[in-house]
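Below are structures written as structure tokens.
Heads up, the next two complexes both have chain A, just with different partners, chain B and then chain C.
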Partner chain A sequence: MSSAGPKTAGLDAVRGIFRTFAQEYKKTPSKIKILDAFAVYALATAALQFIYMRLVGSFPFNAFLAGFLACIGFFVLTVCLRLQLDKQSSDFKDLAPERALADYVLCNCALFLGVWNFIG
Partner chain B sequence: MLLRLTCLVLALSLSGSSAQVVTSSDERKVHSFVLHEQKLGSLDTAFHIVKSLLLFGEKEIPQRDQACSLAAQAWVRQDAVSLFQATEIGTSLGCISAEDAQAASAAAVEALQPDAPPQVTRAALGILAALKRKGLGGSTASLSSQQLSQVVVGLRKLVHTDGSGRLRHSKGGLPSVEATGLAYLSLAAARELGIDLDDEADAAVEQFLTSPAQVLEKSGTSGSLAGAGDRDMLAAISTFLSGAAAIGTSDVEPAQMKRLLGFLAANKHIGDVQDAYHFAIGLEGYKALVAASPRTGLVVASVTPAILLSGMGILEILVTDFQGKPAQVGGVRLVSAERSGSPALLEQPLQQSPEKAGVWTLDFLSHTTDLGLYKLTVVAVNADQRVIGEMTGDLLVQDELRSGDATLVLSDSDGDELERWTAQPGLPLSDHISLDISQNLKVSFLIKSVKGEQVVQPQHALLRLDNASQGLQAYAIAKPVKKASDGRLHATISHAALEKQIGQQGGTFQLVLMVGDTSGTNAREWTMGSVHISPGQGGSKGKVAPQRPGVLPAHFRPLPEIKHIFQQPSPRPPMLVSYIFTAVVLLPLLGLGYVLTTQLGANLKGFPQEQVARLSAICFHAGVASILGLYTIFWLGLNLLQTLPVLAVLGLFTAASGYQALSRQANARLKAQ
Partner chain C sequence: MSSAQRAEGQLVKQKPVAQKEVATISNGDIDLPVSSADLKSSRAEKLNRSAAAQIINGFALLGICVLAFCIRLFSVVKYESVIHEFDPYFNYRVTGFLTREGFYNLWNWFDEHTWYPLGRVIGGTIYPGLMWTAGVLYNVLHLLNIPIHVQEVCVFLAPLFSAFCALSAYLFVKEIRGQGAGLMAAAFTAVVPSYISRSVAGSFDNEGVAIFALIFVFYLYVKTLNTGSLAWATASAMAYLYMVMSWGGYSFIINLLPIHCLACVFTGRLSHRLYVAYAPLIVMGTIGAAMIPVVGFNAVLMSEHFGAFFAFGVLHGALFIRYVKSVLPAKAYQAAKTLVLTGGVAIIGVLLALITGYVMASPTFGWTGRSLSLLDPTYASKYIPIIASVSEHQPPAWPSYFTDIHVLVLLVPAGLAACFRPLSDASLFLILYGVTAVYFSGVMVRLMLVLAPAACCLGGVAAHEFLLALTRAIRAPNLAPSPVTDASVSLLDTAAAPSPAPKSKGKGKSSAAKAEKAKGKGVTAESMFDFLDTSGKGRIPRDVAWIGLVAATLGLIFYIGHCVWVSAEMYSAPSIVLQTRDPQGGVHVFDDFREAYGWLRFNTDPNCKVASWWDYGYQTTAMANRTVLVDNNTWNNTHIATVGRAMASPEKKAWQIYRDLDTEYVLVVFGGFIGYPSDDINKFLWMVRIGGGVFPDIKEKDYLAQGSYRVDDQAPPALLNCLMYKLSYYRFAEASTMVTGRYGFDRVRNTMIGKTDISLQYFEEVFTSEHWMVRIYRVLDRPNRETKLKNPRRAKPPRRSSSSSRPRSASGAPPK
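What follows is the complex of A and B.
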């Protein structure tokens, strides 16, 4: 065996993980995928803001924090909604999806009130 | 220089008891002040102005109509003090009607109660007396002798004050100098009403007539009256003087009268009409007391603060009345002139000066030439040799001071003499003195007066060692030599003592002798020579940091100026960069929209179709959008307190519509299941 064997095996394993993930993810309901898209959007926005802060500085810091934490908070709430709506999840079997959505809307209203107040 | 200044200040402070008088000029100034007061803002001010001007002899009051108008408005009031002020204005200016007089006298009779406060009693009786004076009798006839006697007896508790000056505002009327003055004024008004009092009331009146001296004594005002600016005490003393004069008592000691005059003189620079009024009535009362007992109005004062042995040596005593005019007396006598350590000068008559009116003189130096501070007691007598005025004060007998030869002796730690010098007065030594470790330098000298050749033990005799270049100073105090009978002083400078003052540096110092005393007209500062002090060795206790003459220790010096460094503005990116990144941050939103619509197939097919459910859903989404819109407006211009009420309304709307929409959605889902 050559020395590149273990490396190739590692790469193959990673590729296998991704392939399995993709195949299983196709089975995910579209509503859940929509929530996943929102979560990815929030993370991407947070990442772009972080990069901007690193490039030009953190002044005004409160504004950066407001924008960054808005995205992170939104991401967290979206993930929580996803957990509540996912039928495969056994924790929230008795929770009505409408109730979960109402909680999600209320929490977002509170989050964005705080964000807008902090943004300066 | 400092010694000279100290002696001068000390001499000036001993400038005899300066006569405290109230001259005609002072009265005119107060009169002029009141005359120029135009504003009569209140009844109280009008009363003070009108009464002051009448006391100063004004026939026409410039603000008569205004004062009468203010008095007319007061008739509706029920408090006795306001009615009294209005009555006084009305009767003095002739603008009181018979009906108002009737109403005032009825109110006064009603206010006369045995336990009423002294200011109310005085006001009520004052109203009745003023009305009777003007023939506006009113209802004074309804005032019974019994009622008046009870009131007079009730005032008896004010005979003995409790030490306070101004009347304290309490219902019972606590004893004070002012309250007693008001009681006196009440008694005078009661007499004016001419109503017979019973025996008990008569006894109370008798007590009052003999109480003024005791009242002043007990109140503490006989000791030392407060000086200028004590307005409360001015009102109290003035009321007392006015009252004592009103009842016709002469029971005030001459010493008390002198202090009262001094108090009035200290308060002649008045600031407002109330003070002017109190000053005027106080002075009027004082004049009346002097007229009743002329001996109490005499002012005896020394006009000679100091006598020089080289001068004439004449002590001058000025005898005037309370207005500063020379007074005629039978004689003036120096009772005693005492100086510590010297026999007292007793019972010397003074001669009347032919050139200066009111001045009596004594050739003081013909009796004693001892230098120092003398305590004098001088009395003025009338033709019958009765004492009618006295004075206690200070007299300084001074002479120029000079120093004799000074002897400087350098000795070692065992006391063995190593070297000796003699310095002539005022001249520095030509030799250079060296002071090594464990050596001592003893300087002895004599101070005498020039004219009298008296040996003087000065209050200040110091040796100063001065090194200007290094900024160092050290001192040694000179003391009398105990065993010496010639009054010599000596000061010892040891190396160890110097180290405590200047540290271990050493150096060359100027040796300066400084002498000063109140009995000397001059202070002496004699540079005797230079002394080289060798540096100290390690381990010495003298680790004190050296002092720089004229420079304060570090913690007294001003701190360095604070220069504010303002925060530099943080670096900001160019606007273009900000706009570009704003657009970049919006890209994920566009990406989301693309993915949702094309990849994930998001659509609105699940939107409720039924009318009510549709409306509820629209309202719910509109509510959420409006909340986000409100947040935007809040960021742009509103504050939290403006936002929260609107948010509450929108929140309720959104919650209600959301509940409707989601509950219908849930029902539909459950039906489908």
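What follows is the complex of A and C.
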């Protein structure tokens, strides 16, 4: 079929793109990589909880909500930290990395305090 | 960075000569020897000057706070330290409970004194921010051994928080436009009439603290936006939590932030700082909101909040795309883009369909009635008469814009224009806030309150730009038109900008553009700015600048005068105590409400139930401490409709309804004797409408004579025979001859009443206040047989309670 040609071409393109992406990504500092992994892990946990909720039911809804939002919140905060630490970003010129980390810890405390209170 | 800071930065870069010049100009001597020692001393002088500016700034702010507090004390001076109106009485009662029983018990408080026989879960149905604030303040004061009564704390809480609100307006605008504009905005906010109307001393209502919280959230959001610091993001999430605790108006924030976020994304202002400001606030704010019982799961289930999640997703998508773009080489990015576009559109389509399906499945599309009535102004009058019946939910009349924000009406457009140059993320936020607030204020009078701070901030920006332009023009001609002097002048002006504040005690600062606009002309704040930027050419002539400055000052003075007048004359009435002035200038006080509630409190059985229209429910529970059927928290439409139906029914049927509800007393408010217009007869059509909305046997047209509502002899029989009419006009005709000299003349409706010989068979008059404003009737155990009996002073049937508190019988006191 004629559609097979474009499809494999498309797949190749995707593969090519991912390969270039992986190559470029290798240049990122390892600290940032760790943060990325952390964020992806949090996101994956959130997705897992969501799937579980759809499959099993949402009965203690506050528990689900607390868990889900904890993961999302953690993801968001980690991404924030990652953006702040990324040297390429020009948006945070006068923010010292130590300060960013302290803010991050403070923010997480607030987040988990809320989650802890809400989880019931 | 504030403009003052910016100016300082500028200064450092300037040549020494310029600094010397600035220093000497102020002294008026012109010798210009430049030595390094001189340079140092002039630098020190500069530091001194900026330190002085800071001190002046601080005193100006202090003055503004004091002013904000004091201007709200008219109600205490003119009347006394009482709680005002309706809702504040409920808040006061809850605060009393809070201080007695503690914070934790409030969550579990089931109140059986209201909505008899249903009761009400107070803890889960209130926004507790206000009561918590008052409770904390009360406890702190008692910890310091200041033995103040709860009532005083409640009375003075709103003025205190309006001072805080002025401070947060200062901080908010300072983040956007620098100190000068911030001071202007604070001064405007301190006295803006619209805000005064909800925060005079005694007006113990949610809005009193919520407007402060609103502006404070905005300030912290903008602060986070400018700094990109997670600590500020935490602070803004906390402030948002406080806002959710305080007022249902938090949904304004949760919808305004996404609008700003999307506006940034789609106008190419996407930045990482935006992400830090927006995303953590949404997530942490959602958790926080869900912890408040009255919001609960609505924080993720109601459509009001979906906009925030949508923008949250869009922001992530946009940032991800940007990230990928920065990582991939251009060619690979192009390839990825085409791929994603083909596949992505399908996925987005499916997602949209899912969301729409979910939203459409709920009867009101997942929106609460109140929100819908905001989006569609005709919604409430069509479907929810109980919302439409509240006068503050009506659209405002045009003059109320002038009354409520006065000169700011003129300054707001100028402020919007000024925000566009230069446009920053923060000023974009202010623009969006202003525009949405203008829309909402057009839907409901009550939401003028949201507009007022926006108008003050925009007005502050405009007035600042205008005054700055004028003062620069006045100062400029003194100097040779060299670029250096121009820069130095700008330094002088920024330092000087705050200084007008203390001179006029923080009040008369701003109304600059008003005068200008009043002259009808076209010089807006931004164009003034242009004149300045072209350093020298097209400058405003000095005399014109002087005239403009005088006009601006006059405008500001008028603004302050208007605010003080409005505060003193219009918004300070507690509506519990009324005053009139007679032609000789004497003041006549009508204290009927407290008289009547006091009577109930001391003369009736503590467990008896009192029926009245819902307006008086909160007051009855708080002041008389008696159980009521319905109150101002209109959570059960059917129950209110039952009371409305009883009021609109003939005596016998009404008696049956009240007997079924164990009611012992019926309270009506009647103004025909002294001309008090907001009485139950004037509200009666709403009782009919609300009652008829649930019980089809009540039909509005039965109570109208050819479509008009009248109480004279043209009135239809259904009206003449209904309970409300009888209770209001019982024995009225004889008494009215003593005031007006006319038999049965109603001073509110300006008409002779249609039925003068009213006799009651199932009810008995037990109390009528001095000016007949409140009348209380007892529901008889069994019908009265001697309907001809004119004098109700007769032996009462034995009562269950101790006879020591026997009701005093009718005291239809004649007037003076």
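What we mean here is this: the second predicted complex is superposed on the first by the 117 of 120 C-alpha atoms of A that agree within 3 Å, B and C clash if a C-alpha of one lies under 4 Å from a C-alpha of the other, contacts with A are read in each partner's own complex, and residues count from 1 in each chain.
The rule is short, and it goes like this: contacts are C-beta pairs under 8 Å (C-beta built on N, C-alpha and C of every residue); 3 or more make two chains touch, one makes a residue touch a chain.
Everything quoted here is computed from the prediction, not taken from an experiment.
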Contacts of A:Gly57 with chain B and chain C, given as first, second, both or neither: first
Touching partner for A:Ala96 - first (chain B), second (chain C), both, neither: first
Which superposed partner A:Val14 touches (first chain B, second chain C, both, neither): second
Which superposed partner A:Gln84 touches (first chain B, second chain C, both, neither): second
Which superposed partner A:Trp116 touches (first chain B, second chain C, both, neither): first
Larger contact residue set on chain A - chain B or chain C: C
Touched partner set for A:Tyr25, first chain B, second chain C, both or neither: second
Overlap of chain C and chain B interfaces on chain A (superposed complexes): 99, 102, 117
Parts of chain A lying in touch with chain B, wherever the complex brings them together: 30, 33-34, 37-38, 40-41, 44-45, 48-49, 52, 55-57, 59, 96-99, 101-102, 105, 109, 112-113, 116-117, 119
Touching residues on chain B, where the partner in the complex is chain A: 570-573, 577-578, 581, 584-585, 587-589, 591-592, 595-596, 600-602, 624, 627-628, 631-632, 634-635, 640, 647, 651, 654, 658-659, 662-663, 665-666, 669
Chain C contact footprint on chain A (complex, rising order): 10, 13-14, 16-17, 20-21, 24-25, 61-62, 65-66, 69, 72-73, 76-77, 79-81, 83-84, 88-89, 91-92, 95, 99-100, 102-104, 106-107, 110-111, 114-115, 117-118
In the complex, chain C residues that touch chain A: 227-231, 233-234, 237-238, 271-273, 275-276, 279-280, 283-284, 286-288, 290-291, 297, 300, 324, 326-329, 332, 335-336, 339
